[in-house]
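Structures given as structure tokens follow.
You will see two complexes here that share subunit A, one where it goes with subunit B and one where it goes with subunit C.
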Partner chain A sequence: MTRDKTSPTFFVLLVILVLMSTGPIMLMLVTSLRLNVDIMSETSSLLFLPTLRNYETVLCNVLWYTPEHLSRCDKTFGRALGNSLVVSITATALTLVIGCMAAYALVRFRFFGRDVVSFSTLILRMIPPAVLLVPVFGIWTYQFGLDGTLSGVVLVYVAMNLPFVIWILQSFIRQVPLQLEEAARIDGAGPFAIFFLVVLPLIRPGLAAAAIFTFRIAWNEFLLGNALTDRSTRTVPVTIVNRLTEYDIDWGVIMATGMLLAVPPIIFTLLASRQIITGMTAGAVKG
Partner chain B sequence: MPKITLDGVTKRYGTLEVVPPLDLHLEDGEFTVLVGPSGCGKSTTLRMLAGLESISGGEIYFDGRPVSRLEPRDRDIAMVFQDYALYPHMNIARNMSFALRLAKVPAAEIETRVQRVAQMLNIGHLLQRKPAELSGGQRQRVAMGRALVRDASTFLFDEPLSNLDAKLRGKMRTELAEMRGQLRKNMVYVTHDQVEAMTLGDRIVVMNEGRIQQQGTPEELFKKPANLFVAGFMGSPTMNFIPADLQDVGGAVHAVCEGLRVPVPAAIAAAAKGREIIIGVRPSSIHVQREGGVPLKVRVVVAEYLGAQTVLATRLQDGTEVLAELPSGRRFSAGEDLTLQVAPEEVLLFDRGTGERL
Partner chain C sequence: MNASTLNRATPYLFLLPAALILCVALIYPVGYMVWASFLNWNPSQRIGDAEFVGLANYVRLFSDAQFHESFAVTLAFAATVVSIELVLGVGLAMLLDRNIRGMSVLRTLFILPMMIAPIVVGLMWRYMYHPTVGIFNRTLKAAGLDPVPWLSDPGWAFVSVVIADVWQWTPFIFILSLAALQSLPSSTMEAARVDGATPWQTILHVKLPLMMPVLIVTALLRLIDAFKVLEVILVLTNGGPGLSTEILALRISRTASEFRELGAAAAMSNLLLVLLMALTAIMFVYSKITELRNRRQAA
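After this line comes the complex of A and B, so read on.
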């Protein structure tokens, strides 16, 4: 079949697919560029005068000028964005550091109960976060006193993502030829030198995939974030929901927040996915 | 350079004994080749020497110092792996200098040493490339280079040439032999290829099923193999084994089989008395015409023309196969009946029961 004979159905399906995936985002973008009056009015149409006011409202405390339409600057979003970044980046970093070492130990070291540990990490992943909510809230609040702190949220995100990260990284570590580690041992490398100088550089794609995964979960998580944070430690998803009040729902501002919420993971994914290169171990051993 | 001694070294996996107690003594500055078929324990022995494999019993001594509990890095060894095992994320220069960098050798010295070895191995132009950009032969050189840069006292080679094509293997073999002469270090070389063993080794250790069958110089192994296994393993084409009987005619003992009758020296005859025997004849000991030769009646099955030599696959009348390596002076055709000559002094006798040479 040649290219120019492709059936028109193919293109129709393609267009539908594109619309389905980009539609909600486009709608969000359009709404974020309109004022609430415009959004709520009976006569609203696709033709409107776009405005950046909603974005100004959201970002009022980080802008270099004071938006004139605001009587009072609500600093919630700026603070929530900061919290989200701290939580997600810390959780991702911790998960990767602990995860790669745990995965390495599970793959390469022989110890009692290895298979049980390896399997139970995956089982743990099957527990839905909602089940964890009440016990975690209780333990964090009454035993650890971690309620309302960022470290409490980071801790629970690390615990939640670690099993999956260990599981992903295990398969990457298994692909590193054992002979490379033996060669390094002969060359005089100790266990840590082998891990950091030989194994870690070779599982970079795995680390990147795990990082994207962890970052996105930590960034988007709402349920536990909502339960464990207070006014000053709320993350962005929690903040957005808190904008929905019974007196006033400013859709424009919510959508603007949503658009801004989507930016960091996109940047992070673009950066991290550059590390996902195939054939890392090419040339190591005769294949 | 240490003398290496293996004293009753054993390797077990669970209840499976891969290497039964093994005694071996490697002299200072010697090139020792461990040779044997797959699974004979030669690689395991090498890995135990390297410290990559723990030993289940016995002890390894370097100059009388027990080393079996030492990590590989504390044994002053360098090793070349069968699959090269180059670090794919480092360029060649960094691959070669990895050990030196770990040992915190000054950068300037690393540079000179890497350059010197790269010159010697002809890989100077590859130093900035990654292993994936190299051909098999080049990778092999780099793997050698990585070991040589170390300047260790003992070099271990684990079938380093087995992944190369035949032509390249021959070339690398020659280079290795040349290098061996220059370096004069302890070298232990594992291979399943008896040609490599013969051409490279000062001393060859033939192993089978974890046991040392025989050790000695290439010539000793070729001319005086200890048993049927060594006789069959060393030399190409392989030695012919023909079951035979001893006949004593008026004090002159002969080993007799279908189509061949070889006189047996008195000493051997005394040892062989009352045993069932096998005659071992190397294909190169069979000639078209030879003074003092004993006749061998065969029928040609296949003639393999190899240029200067022709290898004849023939049968005795009772169907026993016999290979003969003859100069390609005349053409042989299948089905032809021939009377060849065997050099009687080159014929070996083995005990059929134990496989030992008489």
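After this line comes the complex of A and C, so read on.
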């Protein structure tokens, strides 16, 4: 492959773009490493001694030692972190298994109502969380008795993500050669064996993309999490917003919390950007 | 059960879990919301105890000046961010459409803003917009200029919210248009070059028309998402000052949780849903038409 020559102006443009897109994230990281007194002081300079104290404050109840600068440990965040992990991982696993089976059926079998199902998946995909707020609150509280529980949150996240996951996986399953499945069938494999042993391993990149998208939405979601959880089941985004409404914001601590919330999506992006971009393009272009 | 019935039942068995969950947790709630929009309902009541008021919620919405303003803000926000992001995203894609080392690293860095929680995006921009310690006002002060009331003045608050959204979502359009650009047939580009077209002419008369189908779908996707934005604005301004940044999604959530009028919130949700459905239908029809046209050209 030949590389085009880059002129200096072009290089400067690239540097500016990278600075613009990552700058705010860097600033958050830097702020999370400073004490609030330093952040708020009028004469703050770029030179400062980084400290992990804000992270210690946030994570005080999951650390193996007691940070000495704290007189009282606020357990809110440690608990929220646990809740967020449980909710996002369960929701992702369930969405993938269920979505995969549905996508396979939609692609491989011709049966009555296939176009209807395909079109309704598209329609369901655009329902915003704000629209679900009122009904989900009412139903979960008064009919299912799921308010304040983690399973209630998981249920709504699975439902919200399924249409998109089905959509993305369809385009990956279409690329699995039919002959492979035929061969397995001739060898005596049933539909379930074909699905789990032949198709699933072949669409691993698609599964990775779908998993990242689902995890990201479940991990980042605020509105429904806020409506459905109580004190002990709050997720991380909910605790961040609650803390922001306090009068005296401790920017160092809240940036450390934000950084911790941002870390998993950042790691996934760095590890699997190719899959993410494929997923994004597949979702948009193959409409 | 013999093998042939099992085979016939297989697609339905595979679809069953997904259908069940979508019915219970997505379709049923939406139906429930349509019903709730005809009720005078507050959060401490069971829905059965709420009073049926017919179209009263809708009638009140249509004469409610605050709802009108919120609706106008939503349209202005969506139109502004989508047009700015389209111009910037497509422009950048044209500029960066070359074979350079490290392009994949660049793309990875560009998608970071989209992957981070909207709550966190709101958080970092709120810090940067901070009246005294934020980086913008510090820089202005260091340059000897007056500080800007980023989030406390209605006009500036709208601009600030738009900037944050443009920062987060321009990369989406950039990546999709870059993918579209790189899949254009190289023979066409070659032909344009041989015919003596300048780079500008190639962009205007060859690249843009060829990319149009992808661009329109991308713009519609962004438009749908722009109507869903909530968390970033919630953290930045919570709709204020006044109603200057109170987009519809935010107004729905405030009507439900602060004013405790679930019926009115449901009516608003319904209107938002109808709007988004219309956009989705347009997108669906448009992509079907291009698909048909391509097939006819290929035949």
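Here is the rule we use: the second predicted complex is superposed on the first by the 258 of 287 C-alpha atoms of A that agree within 3 Å, B and C clash if a C-alpha of one lies under 4 Å from a C-alpha of the other, contacts with A are read in each partner's own complex, and residues count from 1 in each chain.
We take it that contacts are C-beta pairs under 8 Å (C-beta built on N, C-alpha and C of every residue); 3 or more make two chains touch, one makes a residue touch a chain.
Fair warning: this is a prediction, and the values are worked out from it, not measured in the lab.
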Taking the superposition as given, does A:P177 touch the first partner, subunit B, the second, subunit C, both, or neither?
-> first
Mind working out whether A:L202 is in touch with subunit B, subunit C, both or neither, as first, second, both or neither?
-> first
Touching A:I16, do we find subunit B (first), subunit C (second), both, or neither?
-> neither
Using the superposition described at the top, determine whether subunit B or subunit C touches more residues of subunit A.
-> C
Classify the contacts of A:T281 with the two partner chains as first (subunit B alone), second (subunit C alone), both, or neither.
-> both
Applying the touch criterion given at the start, work out whether A:A193 contacts subunit B, subunit C, both or neither, answering first, second, both or neither.
-> first
Return the residues of subunit A at which the contacts from subunit B and from subunit C coincide.
-> 190, 280-281, 284-285
Which part of subunit B faces subunit A closely enough to touch in the complex?
-> 50-52, 71-73, 77-79, 81-89, 98-99, 102-103, 130-134, 136, 139, 146, 150, 163
Complex contacts: residues of subunit C adjacent to subunit A = 6-7, 10-12, 14-15, 17-19, 21-22, 24-30, 32-33, 36, 41, 43, 46-47, 92, 95-96, 98-101, 104, 106-113, 115-121, 123-128, 132-133, 135, 167, 171-172, 175-176, 179-180, 214, 217-218, 221, 224, 227-228, 230-231, 234-235, 248-250, 252-253, 256-257, 262, 265-266, 269, 272-273, 276-277, 279-280, 283-284, 287
In the complex, subunit A touches subunit C at residues 1-4, 6, 10, 13-14, 17-18, 20-22, 24-25, 27-28, 31, 39-40, 42, 44, 97-99, 101-102, 104-106, 108-109, 111, 117, 119, 122-139, 142, 155-156, 158-160, 162-163, 166, 190-191, 195, 216, 219-220, 222-223, 227, 237, 240-241, 244, 251, 254-255, 258, 261-262, 265-266, 268-270, 273-274, 276-277, 280-281, 284-285, 287
What part of subunit A is in contact with subunit B in the complex they form?
-> 177, 179-180, 182-190, 193, 197-198, 201-202, 279-286
